[in-house]
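Shared between the two complexes below is subunit A, which has subunit B as its partner in the first and subunit C in the second.
What follows is the complex of A and B.
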């Protein structure tokens, strides 16, 4: 006993394909602009810094490209459910699938173009300013202009921050001036941590003995969250705090206050170094 | 068919026994003596809750407190009868003043990051060390710290000199033995579960002092259970 599909004439079988393609194109043409214009601006991590805003663009591009793929799957799924439903009688095999060179070529071309475009786009975006990622001790993507250097020191289980431009003062708080290009030097005193400032769009591994450099250009005032993103021991889950981006004048008075508060310990701090090591005998790198 | 049934029953029995053993082990870990909460007695001053918390740090907790790990460095807390307990989860009232006394019987290990030699988050940002007001100590002379990062609280504890007489071998240590006395005051905020820890890599015998008691609640780590 033949299936309905097998029994149908060739012209009708081809209609299934046409219907699916037309429905897919119509749905994609509607959904993709909606994703870009409505969902895109809401995607993480927000627009608080130049790097974060760049990541929103990246996420929007990726989501826009994946939208037609999702539409194709959805259309085919719904179409198959509605058109190829078995309603009675004995189950038998459908017609055999045969090779179609046009489909294969089309598939290879579309996927290759998509992957190559994404590779080129991602490389271009990374080369702009590093996209907030740690670039190691010799960064390739260097933003232009003056930069404020700040060292991020991970240790079990708290991040502390050194400001070499301000006498090397170290504090447990991260405060950044607004509208400033920041050069973060991320390292660790003990085990592997990862400095993740979500709203800043920065994530960089903190390894002992490694100077991992990441850049971020701040915008307006902001409170952001910092957490460790690398399992680092008992209190890893508690290794978080908040930081602030403040106007430049407020930053200047804050850093003066920190220099005053931590003056008693200043003489004991090691000479500023881009790396530190867990061995107490080599503490200052 | 019957043989297959017996096989299945055997597999189920082995799995069940394994589950029970794992459950018992996890239960033992979860009910470790050190992780039980100790409720610190509260008094009232002008309607404000006030707490006196007395603790000690010891180089080796000893078999009486920890038969499994007698050589672990540890904190102990003193109850109202003056008895020392190996408990590192302390229940405190919210928005209270907490007067802390720490008797440190351990020697110096040295801080990995000297910034923690500066007390933070306590009244006056200074503490009393053997009766003297202290705003900073030499990081190399630090034995341990008492730190509650969520409160921004860090207090460095000076160690007993290497050549001090009558040093305590293992807990419980008495005040007749060589020790340093550290007192300070801080304030609890809203209710919550706040971890406390030591920043000195003080786990002797572990690589760079990281492991063992530094990674185990009930020794050098615990919670302030603020209610």
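What follows is the complex of A and C.
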């Protein structure tokens, strides 16, 4: 359907397509490594855990795929909008190009291949270690090896943490041993919250009556931030805290101290369970 | 005398009086039936049932006052069918029930524009709070209500943002008809939306609502009575959307003029058709969901209350089954406007017509299969995440069709940079950023961090404000001369465009960084190290509001004071609406046109459509 080149006026005979493609390839070849090297290390959420580092890899790959797309459109629009600009008052029609099957097929093939690659790569990354996301009561991405179970309980408007392997002790701050595979059981007592430990690369919704499991493998010691990432009512904005990853020996002594402090109130709390159903609720005031 | 008579007829004034009357009738009626309160707080008048019935009574009174019952009653009394409502001329038509699709289109433009500015004002107030990381300008409850009002108003009202004004005004003209298939339903969709908008704003008298535009359960069950306003607003929007969609589909399928085959339809009509299909299939789910939530609050049912056997997951599923098609209800008309306007200013036919149509239909089909990507970390159906990741990423293929068709239409064109064209071109920029950041959100591992953060918020502002609102303004600058008969000031239009484009990006691009650095959505406080970004964004947002004032000034100045008559075809378009006088006469066409091609014959030697043609007058 394309108009033969001979029929076009002289100014139209320049090979616009070839110019755009060459400029695009040159720009992409320069920009993509640059973006990966400069922007890649800045991408969230850092390398504090295995899951977080996996997400950084994932974000870097996505950025690397996105860069040539941005380059293509940038080159195309800069070229087209400057070259094909019409000045002067009279209306002049352009060539009546209605279709070009080669361009269509090429475009569909390229976008489809990109999409298939993205989906396959994302699935591969996801199934390796769950990428820190909440997986519900029956997780599919199970990291191997022994895991330390910790329960995260959301309520309006704070998170508390129970350690079932240490007598169900409940603490207001999350403390994790370093270099350990952790199994987080996230649940809620009232409305939906979302447990977001930014530096750990963990996010899991806390649903009432649901045991939402997420995995994270800690590395070295650090202090991390916990925020609620799902609107949960009046003081949602103040539902944040810090947590710590500490060496295993320090963790052992910390948890022993917690057990001692916790003993007097333990009998007033419900027994450890994967979910807690509070009394039928109405208003919170 | 005539003035007094007009005031007591069926018009907006009567409607408001009867609406308030209906409200109190419902309120006291329900109190009389169920007693003062169903709830724990007998001393505080938290009677949810009364409130809901009051609003329903108010809406009913409002519609009766507008005259929506006149026709059914006169038919029951044996009068013959007629379309009397549109015969009354003058400005009064715009303040009441009118079945002229052109009047309804302009009513929609003004009505939705009004609520758009209110929603934008709410955004300014939100940004005022976020100027400081921990200082509270608004009480926490007020802040959440502002967040909810902004989100709900924009998401609710703008479902009809393009179909309402431009769809209603242009669809009959573009398909060569004299009216919509169901003119009274057309008027009803508009007035339901306006009643809903007022109801949503009155939430401030009942304590506001804390849930944002998603209304998640069980937070919605424990909220103030103001929550009911949210449910009623969205349910009315849902009803309005369903009716609008049915009306559009019926009109486009059955009322096309002779010669207007499916392959000759303007791409805008295809966009409206695919959007309408989404509306008809998705909005009833919303209505049912909100009814269930309302019953939970008023009739002590337990659909969504977990401690009594209900499931918040059920609400999330139902809401997003509506909610994801809904964002394409917002985006698709934007695609269609851009593809409709590009050929006019590139002076070339629309490239790849079939591919463009396939893109619109493909997006609307796929949008029903992606909703659980909103629930990647919720713990629901964890084993389905790879599927939803795949289906979400699939949508970028038909979206890419729109891009390639638009880009190839520009290719080797004779591009003129008028104001509508500038808005269309900026759509590509904004939607590219919105779409590519969507890739990060659709990728489940990457979504773990970006989910529910400002990254998400920036993403959908790029797609919805950058996609829909920019296309909306393109439509305004392009079609308002046709709708009103007066030109908009080109110079002020360009000032508006450039300030809006730059400030929009300056407002929303930094929010990607804020999200990457860990700022969750809808928070009243944030980390101190994010203050610079947030202050930058707030200042940009205020200036963006100023840019909207430039538009408002231009709109009022050009249409009320300058009143420069617009020529019939200021853009040199070959589409049919530009072959009619500006503004379009009441009956659109003296004779029904016969179409001999599509409206994109630039450079092919074909002239614009001949309007007077063979078919007999009075067909419709």
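Following the convention adopted for this analysis, the second predicted complex is superposed on the first by the 261 of 285 C-alpha atoms of A that agree within 3 Å, B and C clash if a C-alpha of one lies under 4 Å from a C-alpha of the other, contacts with A are read in each partner's own complex, and residues count from 1 in each chain.
The rule we apply is simple: contacts are C-beta pairs under 8 Å (C-beta built on N, C-alpha and C of every residue); 3 or more make two chains touch, one makes a residue touch a chain.
Note that the coordinates shown come from a computational prediction; the quantities given were computed from them, not determined experimentally.
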Subunit B versus subunit C as contact partner of A:146, first or second or both or neither: neither
First (subunit B), second (subunit C), both or neither touched by A:233: both
Contacts of A:112 with subunit B and subunit C, given as first, second, both or neither: second
Which superposed partner A:190 touches (first subunit B, second subunit C, both, neither): both
Partner chain in contact with A:86 - subunit B first, subunit C second, else both or neither: second
More subunit A residues in contact [subunit B versus subunit C]: C
Touching partner for A:136 - first (subunit B), second (subunit C), both, neither: second
Contacts on subunit A seen with subunit B and repeated with subunit C across the two complexes: 190-191, 233-235, 238, 278-280, 283
Contacting residues of subunit B [partner subunit A, same complex]: 110, 112-115, 117-118, 120, 125, 135-136, 138-139, 147, 149-150, 152, 195, 197, 199, 201, 208, 210, 214-217, 221
Contact footprint of subunit C on subunit A as seen in their complex: 12, 16, 43-45, 51, 54-55, 58-59, 62, 65-66, 69-70, 73, 76-77, 80-81, 84-86, 91-100, 103-104, 107-108, 111-112, 114-115, 118-119, 122-123, 125-127, 131-140, 186, 190-192, 194, 196, 198, 201-205, 207-210, 212-214, 225, 227-238, 240, 277-284
Footprint of subunit A on subunit C - complex, ascending: 39-41, 46, 140-141, 143-144, 147, 210-212, 214, 216-219, 221-224, 305-308, 311-313, 346-353, 355, 375-383, 385-386, 389-390, 393-394, 396-397, 400-401, 403-404, 407-408, 410-417, 425, 428-429, 432, 436, 439-440, 442-449, 451-453, 516-518, 520-527, 572, 601-604
Interface residues, subunit A side, partner subunit B - complex: 153, 155-158, 160, 170-172, 189-191, 233-235, 238, 241, 261-262, 264-265, 268-270, 278-280, 283
